[in-house]
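In the two assemblies presented below, subunit A is common to both, partnered first by subunit B and then by subunit C.
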Partner chain A sequence: MAETRTTAGAGTTADTGTVWRPVAGRSVAGSRKASRSTRAWRVWSSAAIVVAVVLAVLIVPPLADLDEQAVHLADKLLPPSLEHPFGTDDVGRDLLLRCVYGLRVSLLVGVVAAVVATVIGTAVGALAASAGGWVDRVVMRLVDVFSSVPHLLLGIFIVAMFRPGVWPVVISVALTHWLSTARIVRAEVLSLRSRPYVDAAISGGASRWRVTVRHLLPGVLPQAGLAAVLMVPHAIWHESALSFLGLGLPTHQASLGTLVQGARSSLLAGDWWPTLFPGLFIIVPTLAIAGLAGAWRDRINPRRRSELML
Partner chain B sequence: MARLVGRRALFAVPVLLAVTFGVFAVAEASPFDPVKAYAGTAGLTSSQENLDQLRANLGVDKPLVSRWWDWLTAALHGDLGDSSTLRQPVADAIGERVGWSVLLAATAFVLAVLVGSALGVLAARRPGGWLDRCVTSLAYTLEAAPPFWLGLLAVWLFALKLGVLPAGGLTDTSSVAVTAGQVARHLVLPAAVLAVSQLPWFVLYVRQGVGDALGDDPVRGARARGLAERTVLLKHAFRSGMLPVLTLVGSRVPELITGALLVETVFSWPGIAAATVQAATSVDFPLLAALTALATVAVLLGNLLADLLYGLADPRVGFDG
Partner chain C sequence: MLELRSLTAGYDRRAPVVRDVSLTVAPGESVGLLGPSGCGKSTLARVAALLHQPDRGQVVVDGEPARGWRHRAPRAQRTAFGVVFQQPRLSADPRLTLTQLIAEPLRATGRAADVQERVPDLARTVGLGTDLLGRRPHEVSDGQLQRACLARALVLRPRWLICDEMTAMLDASTTAALVAAVEEYRAESGAGLLAVGHDRVLLERWCERTVEWGELVGAAQGAAERPAAK
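After this line comes the complex of A and B, so read on.
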C-alpha cells in the first residue's frame, strides 16, 4: 500500500515514527479544537500554581515569623473558617501553616531526590551508551533487574536498614528512581551518536570521553531535565507514602505524609479537614508540575505531543 | 507456550540472584547490626564473648557472599529463616498473609481493568468531547492522588458518614469465624480504593489505544461497510486498541503491589503490608529479604502473564518469537 500522507491526524500516530495514516476527520477535528483552546490556559494556570507554591515555600517560613508548631489546645479541631482557612489539627495547630511547612519539607526531599536520581541515571545511561559492548549489556540488564522490584518496597527496605530520617528518605527515593532516567539517556545518546556532527567530531580526532561530554551530553540535557522535573512530584509521592507508613520523616516534622498520618485519629473521629488538605497539597502541585513539564516536552519534541505522561 | 514459560523461568534465575544479592549488599552497607537487634536491651549489658558467640550462632560473622549463599540454599529448601518480630518462621508468616493480599490485589485489578476499559472506550469515542474531558481530567487528578489519602477519605465517607461499609479489618470485631460474607463486605472498600488508584492508567491507555485504532484502516473499512457504530467500536477498535495495553499490564504489577501496601495499611487488611511495615520498623531482615524477593517474583509473573495474554489476544504474535 502506498503511504498516504495527510496533515490531519499526524499528531495522533506520528509518535511511533511508523506509517502516517489518514485519520477519521471527525475525531481529529474534535481533539484539535479541544487541545488548542485549553492548552494555553492549562500552561498558564500550571505556571501560576508552581509560582505560588515556590513563593509560599520560600517566603512564608523565613519572612512571616509564624510558629507552625505552636499548640493551642483550646482551638483544637476547629473546622475551616476565615481565621483558619484549613481548620486546625488535634492540638490546635493551624493546618494551612502546617501544610505550607509540610510542602516545604516534601518539596525539598522531592527536588534533592530527583536531582540525585537524575545525576545517577544520566551518568549510568551515558556510560552504558558510550562504552557499548559488554559494559552496556551488563549495565542495562542490571537496570532491567532492579526495575522488577516495586519502588516502594525497595524504598522501605533501604529506609529500614538506614533508620528513618530525611536523608535516608532522600537516598531511598533517589536510589529507586534513576533506572528510568538511565534508559532514556542511553536511548537518546545512542540516537545522537548517529548524527553527522558526532561523526565529524570523531574524524576530527576527538576522544570517546570528549565526544560524550562535549557533544552527546548537551544534547541529552533537555530530556534528562524533563525527566528530573517529572520526577519531583513522584519523589514527593514516595516521601509521603513512606512517612505515612511511619518509615519516613519523624512524626513531629511536618511533611505532607506525616500530616496525613497524624490526621488519621482525627479522621476516625469524623473530622475530615486534617486529612483532606495535605492530600490536596500533594495533588495540585503534582498536576501543575506535570502540566508545565508537558508544555516543555511539546516544545522540545512536538512529535510526541499525544504521548501520555505522569 | 511452554517454551515461553520455560525461557522466562530461566531469566528469573539471574534476576532473583541479583535482587537477593543486592538486598544483602544494602544490609551490609547499612549501620544495622543484626546481633544488637537480636539481643535487644540485653545486648547493652552482655559481655563481648556472649555477643561474639551470638554473632557466630546467627552466622553473621561470615563474609557477605557466603551469608547470601547460605540464605539462598536454605531458601531453596523452603527455609527462609525466622522472623524476629513475628516470632515465627518467615515462610509461615508470609504463607498466612499472602492469600489475603492476593485476594485484595486481584479483585482490585479486575475491577480496574473492567471499569478502566469501559471509561477509556467511552472517552475515546469522541476525543475532545465533554465526556472525554471529564474522564481525562479525573484520571490525571486520581493519578496524582496518593492511595492512602483516597483510602482515608473513603473510610470517612462510606464508613463514618454513610455507615454503609466497615472501616477496616477482615471481619467484624465481634465475630469469631471468618465467613465469606463477612470477608466480602470488608473487601468492598479496600478493593474499590485500590482499583480507583490503578484506574487512571487503564483509562488513559485504553483511551489512547482505542483512539488510535479508530483511525486505522480496518476500522475505516468496517465503517465503510456500514457496520453499526457499536460493532465498530467494540469488535474492531477495542480489540486492536487493547493490544498495546495488554503488553503494559505486566508493568503495572509493581504499582499494584505499592498501592496494595498502602491500602492494606489504611484498612488494617491482614495481608503482607502490615508484616512489611512491622518488619521495616523493627528491622526484621529475614522477613524483609523474603518479602522483597517475593515481590520480585510477583512482578516477573505479571510480565509472563502479560506476554501470554498478548499471545492469546493477537494471533499474529507467536509464543516462540
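After this line comes the complex of A and C, so read on.
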C-alpha cells in the first residue's frame, strides 16, 4: 500500500495507457479529496435546487389562489420590488408568479416527454438487439435516417400539424428524442446478450421474450433511466425553443419560452427583468437536474464498478 | 445417444475454430474431452448444447437431428441439456438470488409450482446451505455460486449434462463435491455426460472414457497435428 502511494505520482506520467493508471491516479490523496468535496457540493446544491423547484411548482399554484393571468395595466413594467420580487411584465402581470407557472408547464413537458421518449427508445433498442438480423439492420437504419434531420426542424414539423397546446409539444419532443436512447439500449443489450448467463437461460428453456424481459432489460434499466433524466433538461430547452418561436404553447399561457419571447420588446427599452428571471428559470433548474444526473452517471459508470471489483 | 457428426464451427466462417470433429456419447456414458486451452473445446461444448450454430455438420440428440440453434431449437430439445460453464460469475444473472437462479428454468418452462419442492432438494444435493439461498451472486464465493449453477443445470432433470471446465476455477474440495453431485445425479437418472477440461488426472478419474482433442479432429488433419502437439 505504502509502495503504491510513493509510486503513484510517477505511475501517472510514466505508465500512461496501462490498465492500472486510473487506480494509481486516484490514490493521489490531495486531488482526490478536493475533487470529492467539490463533487459533493455540486450534488447537494443541485439536489437542493431541484427539491426547491419541485416543491415550488407543486405547492404554490394550488395553495396560493393567485391569478397569473391577471392584468393590471397601471402596474406595467415595474422593476423588482418587495411586492413584485421579479417585477411585472408589459401588461402588469407579476413575473415571479408567471415564472413559477411557466416552470410548472416546462417541467411537465420535460418530464413527460423524457419518459415517453425513453420508453419508445428502450423498446425499439431492445427489439432491434434481441431480434438481430435484418430487423436490427432495418430499424437502426431508420434511426439513422431520423437522426440525420435536425431535432428542432422535425419538432417544428410535428407541432405544426396540431393546434398550439401542451400535448403537441410533448409529442413533438418525445418523438424526436428516443433515437439516442434506442442506440444506447441496443448497444447495452448486444453486450449483455453474449454473456454466458443468457446461454444458460436459453438452455433452461427460456423464450426470446423471457430472456429479454427477465435478463436483458433489467440490465439496461440504469442506463435507460440515466438517459431519461439527462433528457429532461434537453426537453425543457426544446419546449422553450418551440414556444419562443411561437410554435409551442399559445402566447397567453405562461411557459418559460413564451415568457422570454414576450419580454423581447421590453428588453430593447432597457427593462431587463422580464428577460433575466425567466432566463434564469430555464438555466438554473436544468443545470441542477443535469448535475444530479451527472452524479448518478458517476455512480453507475461501469468502469468505476469494475475498479471496485478489482 | 448424443452424436456430433463432422462438425465445423467457429465465429468466422473463413477461420473455423472446430474443424470436422466427430464424437458420440452413449446414454448414461461419461466422456471426458481433454484439450489444451484455446483449441475449441468450449465451442464444441456450446454446439453440442445447441447454443452455437455450426457452419457444417450435424448434432443428433436421441436420434433426432437438431435443426435449430439457441432460441430456434425446440424447447424440449434445448432443455434436454444441462450446461455448466467455466465462470460462475458470468453465467449467473447478477440480479437474481440463488433461489431465483436455480428456479429460473422451472419458471421459464411454466413449472413454477415445483419451485418450493425442487429448490431446497437440489440445494442439498449440491451442498448449498439454506442460508445462502437468499443471497445474490456477489454475496457468495465462486465455489458456492458454481454449486448454484450446477443446481440450475440439474433442475429440469436433463438427459445430457455438459460441463465446460466446470471446476477450473475451484479448489480441490469443491471440485470433489461438485463431481460427486454430478455423479449422484447420473446414477439416479442415467444421464449422459460430456465433461470438457484440460485436467487429465481429474477427467480420467471422473469419466469412463476420455478422448484427446487431437483424436477427434478429422483423420488427415489429426495425424498432421499430433506430432506438433508433442
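Simple rule for what comes next: the second predicted complex is superposed on the first by the 267 of 310 C-alpha atoms of A that agree within 3 Å, B and C clash if a C-alpha of one lies under 4 Å from a C-alpha of the other, contacts with A are read in each partner's own complex, and residues count from 1 in each chain.
Keep in mind that, in the parts below, a residue touches a chain if its C-beta (ideal position, glycine included) is under 8 Å from a C-beta of that chain, and two chains touch if they have at least 3 such contacts.
On a predicted model such as this, the values are computed, not experimentally measured, just so you know.
Student: Looking at subunit A, does subunit C or subunit B touch more of its residues?
Tutor: Ranking subunit B and subunit C by residues of subunit A touched puts B first.
Student: Looking at the overlay, what does A:A201 touch: subunit B (first), subunit C (second), both, or neither?
Tutor: A:A201 sits against subunit C, while subunit B stays out of touch.
Student: For A:F162 in the superposed arrangement: first (subunit B), second (subunit C), both or neither?
Tutor: Once the two structures are laid over each other on A, A:F162 reaches subunit B alone.
Student: In the superposed arrangement, what residues of subunit A touch both subunit B and subunit C?
Tutor: none
Student: For the complex, give me every residue of subunit A touching subunit C.
Tutor: So the residues of subunit A in touch with subunit C come to 195-197, 199-208, 210-211, 214-215, 218-219.
Student: Would you tell me which residues of subunit A are touching subunit B in their complex?
Tutor: Subunit A reaches subunit B through residues 9, 12-13, 21-24, 27-28, 30-35, 38, 141-142, 144-154, 156-163, 233, 237, 240-241, 244-247, 260, 263-264, 267-268, 270, 272, 275-276, 278-279, 282-283, 286-287, 290, 306, 308, 310.
Student: In their shared complex, at which residues does subunit B touch subunit A?
Tutor: Of all residues in subunit B, those touching subunit A are 14-15, 18-19, 22-23, 26-27, 30-32, 126-129, 132-133, 140-141, 143-146, 148-149, 152-153, 155-156, 160-161, 167, 204-205, 208, 211-212, 214-217, 219-220, 223, 253-255, 257-258, 261-262, 265, 276-277, 279-281, 283, 288, 291-292, 295-296, 299-300, 303.
Student: Mind listing the subunit C positions that touch subunit A in their complex?
Tutor: Subunit C residues touching subunit A: 46, 49-51, 70-71, 75, 78-79, 81-83, 85, 87, 90-93, 95, 104-105, 108-109, 149, 152-153, 155-156.
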